[in-house]
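Next come two complexes, and both contain chain A; in the first it sits with chain B, in the second with chain C.
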Partner chain A sequence: MLRVEKAFVSYGRVTALREASLVVNDGELVTLIGANGAGKSTLLNAISGVVRLKSGDIWLDDRRLSGLPSHKTIRLGLGYVPEGRRIFGDMSVRDNLTLGSYFECARNPLSALLYVGWFLRRPSVQSNLETVFRLFPILKERQKQKAGSLSGGEQQMLAIARALMASPQILLLDEPSLGLAPTLVKDILKLLVRLRDEGLTILLVEQDANAALKIADRGYVMERGMITIEGTARELLGDDRVRQAYLGKTVA
Partner chain B sequence: MSADQFVQYFISGLTMGSIYAIVGLGFTIIYAVTRIINFAQGEFVMLGGMLSFYLIKSAGIPLAPALILSVLITVVIGAIMYLLAIRTARHASVVSLIIITIGAAVFFRGIAGEIFPWGVDIVRPPYFTGSQSIAFLGAYVHPQAFWIIGTTVVVMILLHLFLTYTMVGKALKACAISPVSASMVGINPRTMALIAFTLAAALGGISGVVMAPLTLMSYSSGFMLGLKGFVAASIGGFKSPVATVIGGFTLGIVESLAVGIDWGPFTSAYKDVIAMTVLLLILLIRSGRLAEEERMS
Partner chain C sequence: MLERVKRKWYYSVIVSLLVLLIVIPFDWFPGHYTTIMVLIGINTMVTVGLCLLLGYTGQVSLGHAAFYGIGAYFSAVLSKTYHLNPWLAMLIAAIATGAFAYVIGYPIFRLKGNYLAVATLALGVIVYILFGKLAPGGPDGIAGIPNLSIGGFAFDTWFKRYFLVWGFCLVVLLISQNIVNSRSGRALRAIHGSEAAAESIGINVDRFKVKIFVLSCVYASLAGSLLAHSMAHISPSSFDPMVSVIVVVMAVMGGLASIWGAVFGAGIVVMLKHELLLGFGELEIIIYGLILMLVMIFMPEGLFVWLKSSYVKLKELYIRWRLGQIRRGAET
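Coming up: the complex of A and B.
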């Protein structure tokens, strides 16, 4: 279970999060929606340790994430698909995936000196690689290609696959649909449902509130750095404020 | 210049060029991973050479272990430099960190001029395998020159294999692309920075140890060697190891041939000026290109 308690973040004089709190229970798919600049990416960055909290707390089960730098939170079971994907464009698809399992090297520094081929043959790494190739057959085909030469959709799949290579306990995704064609967006959302059904816990930040709420179990609405509305996805889909502001519907 | 003379100068250019290349690689690795230009890179070379002389002559340690120990000590110095001077200044800008490396260079040179029993004198550690020149394509080549070229080429190959085929190598590359992205897959950018400094110190130490018997070494040799490596690295834009190596060899050969050609009264006085001229040309071309790119975007 992921718990964010009164997270407060500011960039210099700009306050991005004002005591935002949320909970993601095991096995849930929770979505976080909000307008541009509401602070959604900041919240994910705070959870993963890319930005520091000014105050507040973040827990993954009994492990405290707040205060840890991002390379440590990732090693504690967080999978992060950040805004803009941040894949290593100059490296091959396969190398990107391999680096997704880098946390194994942190546990066992000597394995970092291994020939990559041997590293990939470790049972845990190999089974993860097989899993992501099953989920994304296109990546298996393209594994020798430079990641930067993939299409936008393929790059997004790679970013998700790379995060899955760390066998995360919870997956954070920041607008995975950004810039993708509608059919691809559907594919990605379907994939998230499938991952949730297989037991993965997911926190999804999404611009398309309608699509996100249709697949999510619960949702949070963020405005100016605060969580203003929360509820089950069904409740939010029927909430007048949500319908007006995020679903583009006028209230009768 | 006769053909034999040409070969002679060419080989001596290759010898020095291989040193410039490997010093340049030290600059490139640190720059790629941390965006810091490490002006103490040349001092690592000086320390390697000076330590080898000290361990062999003053401490009486046999040649091979003394050489290995000199490199190891240089590596430890490089790691300590990172941990004490760079890592502790965690919120400093890259420019301040670069200035810190200049400070470290001055510090190393000052210490080296003080602690060794021979003070500021120039020293020559023993040749690895004598000084009987070997006839080669009409030229006479000092055996130490073969040691220099051979060692540096082997080191470059090992470095390439390390960076291309190990997990740390991939992690270093990821960090070179973006430290933030790297941290998002569990790579600690600071560990990578430490590894980069350690590798660079090893490259410096190794080159110092193999070159010192032939080129001699003093406490102040680091500056010029660092400068030459800097020129090699800037030919590669501090990014491409291959271009850095080509740059280093080119600089060595151009320098050597220029010294060999009879320039009348100016002969051979211009060796170091060539490196500076090359550097100025590169900077001019690059800044022109940067301006171009800025206009485009």
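Coming up: the complex of A and C.
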């Protein structure tokens, strides 16, 4: 269970988060929607440790995430798919994936002195790879290709797959639909539902409120750095304020 | 098929390099080339360190001569003035340089891109000036540095030093090759690709940068120590900021992201410096600039990769030609 308690973040004089709180229970797909600049990405960055909290707390079960830099939060069971995919274009798909479970094996440059390729090929990495390839058969086909040569949708899948390679307890996604064709967006969202059904906890940040609420269990609406509305996805889809502001429908 | 050609190429390069290295220093070879080969070995060590930093991790250092010099000066002062065993002096030099790099690494790697380049350049200039002002010997440097020796066997001729230096150099090359091919190597390339993404998969970017910087500075320090004990004389001018730039030229020339390319880069530049450009004096610098530009334009991945891909292309052409021949033979 991920708990964010009164997270407060400011960049200089600009306040990005004003005591935002939310909870993601195990096995839930929760979505966070809101307009541009509402603070959605900041909240995700705060959880993953890219941004420091000014006050407030973030917990993953009984492990405190707030105050930790991002490379440590990842080790505590957080999977983070940053905005804009950010795959390593020059590397092969397979190398991208292996890097995803990087921290499970790597220590420091000096450990490489004793490096013998087949000796260090950890079974956990291998089994993670198989799991990921089962979920994304297309990536298995393309594993030797350079990641930069994949299409936008495949790159997004690769970014998600890379995060899964660390076998995270909860997956944070920052606008996976960004810059993708509507059919691809549907594919990605379907995939998230499938991951949820397999038991993964997911926190999804989306601009496309309609699509996100259709697949989510619960949702939070964010405005000017605050959580203003929360409820089950169905409640939110029916909520007049949400409909007016984000779903582009006039209230009858 | 391509994969196999590549691998065969890789082994053939290493083997021919080793054979060449073993054959070169003997009597039939013009004497002063042995000295030049020693210099190439020493420069290769510095270049490999810079390749790891610049080519793989994507972090610029225009001040590597500083660490090269610190190694040399530590070795020289400890072994000459304090009569320490040269090996011990070398070890202490490496540790001291590493520690210095570690301390300076954290603040300096908060900078990125051009700012990092300027900061490291400034570091190189500062250390160079300190060598002239504070170090023993001042601008004249230190002479009479003892040779390295094992038991009673002293490395007192260039022939012997040749094997010493290339022994060190090969170890450094192999270590670097291992690092690059290991998970840490992938992490380095990940940092090069995108720091934010590297951070998001759990790589401690800051620490990694500093670690690889320390390693690369230790290489430079070892090279500096070898230089001091081989030449028996060092002066600040051996480590002026221009030397840092020349190391960059060597790295670019051989191929920034290529460990074995460093040997070629260092080889070509040292040959140029000590053979072809002897009469040029100040013009030397213009020629390095020209080379740097030409390499960047025509073989941006460096000479080594360029040779490799031309080899593969030639091989393909040959196969096509042979196939054509066979086909024509079948027709008639």
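By our rule, the second predicted complex is superposed on the first by the 236 of 252 C-alpha atoms of A that agree within 3 Å, B and C clash if a C-alpha of one lies under 4 Å from a C-alpha of the other, contacts with A are read in each partner's own complex, and residues count from 1 in each chain.
Definition applied: a contact is a pair of C-beta atoms (placed from the backbone, for glycine too) under 8 Å apart; a residue touches a chain by one contact, two chains touch by 3 or more.
Every value quoted in this text rests on a predicted model; they were computed, and no experiment measured them.
Novice: When the two structures are overlaid on chain A, which partner does A:Leu178 contact: first (chain B), second (chain C), both, or neither?
Specialist: So A:Leu178 meets neither chain B nor chain C here.
Novice: Considering only the touch criterion stated at the top, classify A:Asp90 as touching first (chain B), second (chain C), both, or neither.
Specialist: both
Novice: Let me test your reading of the model: by the given contact rule, A:Met226 touches which partner, first (chain B), second (chain C), both or neither?
Specialist: Once the two structures are laid over each other on A, A:Met226 reaches no partner at all.
Novice: Looking at A:His71 after the superposition, I want to know if it touches chain B, chain C, both of them or none. Which is it: first, second, both, neither?
Specialist: After superposition on chain A, A:His71 lies in contact with both partners, chain B and chain C.
Novice: Where does A:Ser48 make contact in the superposed view: on chain B (first), on chain C (second), on both, or on neither?
Specialist: A:Ser48 contacts both chain B and chain C.
Novice: Chain A residues touched by both chain B and chain C?
Specialist: Residues 48, 50, 69-71, 74-75, 80, 82, 86-91, 95, 98-100, 102-103, 105-106, 111-113, 115, 117, 162, 166, which sit in both footprints.
Novice: Please name which positions on chain C make contact with chain A in the complex.
Specialist: Residues in contact with chain A: 175, 178-179, 181-187, 189-190, 193-194, 196-197, 199-205, 208, 211-212, 215.
Novice: State the interface residues of chain A toward chain B in the complex, per the touch definition above.
Specialist: 48, 50, 69-71, 74-75, 80, 82, 86-91, 95, 98-100, 102-103, 105-106, 111-117, 119, 162, 166
Novice: In their complex, what parts of chain B are in touch with chain A?
Specialist: Residue list for chain B touching chain A: 165-168, 170-171, 173-174, 177-178, 180-189.
Novice: Quick one: which bits of chain A touch chain C in the complex? Just the residue numbers, please.
Specialist: 48, 50, 69-71, 74-75, 80-82, 86-91, 95, 98-100, 102-103, 105-106, 108-109, 111-113, 115, 117, 120, 162-163, 166
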